[in-house]
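Order of writing sets the chain letters: A, B, C and D. Residues in each chain are counted from 1.
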Amino acid sequence: MSNQATTLDHKLALSLLESFNAQGALMAWNARLTSMTPGACEISLPMAQNVCQQHGYFHGGVIGTIADAAGGYAANTLLIPVSECLSAEYKINFVAPAIGDTLIARGKVLKAGKTLVVASAEVFVVHQGKEKLCAIMQQTLFVIPKESPKVDAG
Amino acid sequence: MSNQATTLDHKLALSLLESFNAQGALMAWNARLTSMTPGACEISLPMAQNVCQQHGYFHGGVIGTIADAAGGYAANTLLIPVSECLSAEYKINFVAPAIGDTLIARGKVLKAGKTLVVASAEVFVVHQGKEKLCAIMQQTLFVIPKESPKVDAG
Amino acid sequence: MSNQATTLDHKLALSLLESFNAQGALMAWNARLTSMTPGACEISLPMAQNVCQQHGYFHGGVIGTIADAAGGYAANTLLIPVSECLSAEYKINFVAPAIGDTLIARGKVLKAGKTLVVASAEVFVVHQGKEKLCAIMQQTLFVIPKESPKVDAG
Amino acid sequence: MSNQATTLDHKLALSLLESFNAQGALMAWNARLTSMTPGACEISLPMAQNVCQQHGYFHGGVIGTIADAAGGYAANTLLIPVSECLSAEYKINFVAPAIGDTLIARGKVLKAGKTLVVASAEVFVVHQGKEKLCAIMQQTLFVIPKESPKVDAG
């Protein structure tokens, strides 16, 4: 994916933020869209009681969620305002326990087709100021017109 | 997977519940372990602001999380108290928008090896009293001794 | 997926066979379409030098190939002659070494959408007359009009 | 994965080649190990009748096979001669039709754990001298002692 533009149109960025901020699940976790460039996106999340698993680490489901969201918003930077995308599927590998105070997911578009977009994300946990890779995701997104939120994933 | 026993030892069930209830992320969503038999598990979750995406449906990340948990606890029914499992990876397909008031994930073990367990889960959304399939997951779990919570996923 | 019809239209079956027999890779392995019903498909394959890995078992790539093909032809039973499908992606777990003289993949459609079809397959190896599960696959197929073989997967 | 060494020990390279050349399925396709460095591997394959699908492109199963092999041998460069690996599972996205005369898979290790290795591969098709990305794979490998070829994948 060669993305020649390195900054995102301001109006487009606001539209993506508005969509992100309307996601109750992400807001309940204080997730933030910390960076967006064409074809890429970064999301971060602070440690809290409601993102833990039983040993006090970040929960795998939380890691999967922000990886999925990071890939999805990376795709949306190339689609909005004409169209947007839904996750058709994703696959995630957990490679280290997510012990730390912040979780960061970095998504990028690998291939942007007309109907399907393939994206990936890496998730890092920040512990004592150092980033450590904790998960790797690969994902297929389905492009839909911006106006039809109720369309079926298939 | 032929599981001849159809009920779970009471002490084992309590141990699994204790582990489940210690997961802050699942508790924040009011997720419940609604059924456990050897090699199988059901988890359900009510609709609320903190499990929504931007259109008011259940969030894909929430769906992924309870699918992953349902597969993991299905495996744990065969492992606890000697050992337990961590998700090494999972893959989930979203097949319909999750519009409804309750989400139900049903996980089952497909193959229980000594080191790796393969499980699957189907996720249903209940709308006006009817269940509809909304996601399908396939997962690899890594078996670890019960005493060592900090072991690396690899 | 409820498939009320249990047999396939004869002309449709011939059209699927013709497509299958045009696949050089499958023909080189003497793969056969051994059963087709609406939404389901079975493919089998005999052991030979050109389907082995280094220990003399069926090669994982061969197992992945016929799992993918079994899911794809299961989908095609519902699509042909109006449209057909391409694999957008698949995920496969290997659960036992494939030691035996015949490999059998059984694919079925889990969800048939207008643009995407989700299918699964189980692969069995036959050894001394007994079937053993050796792999499990989950797959996303992309529906295209029958006339346009060159369309991009996305 | 930081791999400081950039060349592979000669004896190790020969051992990997020997293993590769013992794979009947890969040999039948004239697949070649074209590059190996610690944690990375490249495999290539010429177009032929026995690697085609019905439209004359490289078969998706062939693409999946060499992607899986490229990730596996990338892992083996870090494991051999003490141990080796088996594919526990892989997931592959097809992103463009594989039209061309040569297929090249480049695998690399993303995380090397004691029991599990996570690897990825990109597959390119060469058409009129130009490489085009046609598939992306993510994979989990299971580490086994070098002496025990019959161990179960789990």
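The rule we apply is simple: a residue touches a chain if its C-beta (ideal position, glycine included) is under 8 Å from a C-beta of that chain, and two chains touch if they have at least 3 such contacts.
None of the values given here were measured: they were computed from a predicted structure.
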| item | value |
| --- | --- |
| Chain pair, B-D or A-B, that carries the greater number of C-beta contacts | A-B |
| Chain located farthest away, centre of chain C as origin (C-alpha) | A |
| Whole-Å separation of chain centres (CA-atom averages), chain B against chain D | 33 |
| Euclidean distance of C-alpha centroids - chain A vs chain D, Å | 29 |
| Where chain A and chain B are represented by their mean Cα positions, the distance between them in whole Å | 22 |
| Multi-chain contact sites of chain C, meaning residues that touch two or more partners | 88-89, 91, 93, 95-96, 111, 113, 118, 140, 152-154 |
| Residue ranges of chain B in contact with chain A within the complex | 19-20, 22-28, 48-55, 59-62, 64-66, 68-69, 86-97, 99, 149-154 |
| Chain B residues touching chain D - in the complex, by the definition given at the top | 88-89, 91, 111-118, 140, 142, 152-154 |
| Parts of chain C lying in touch with chain B, wherever the complex brings them together | 91, 93, 95-96, 110-111, 113, 118, 120, 133, 136, 138, 140 |
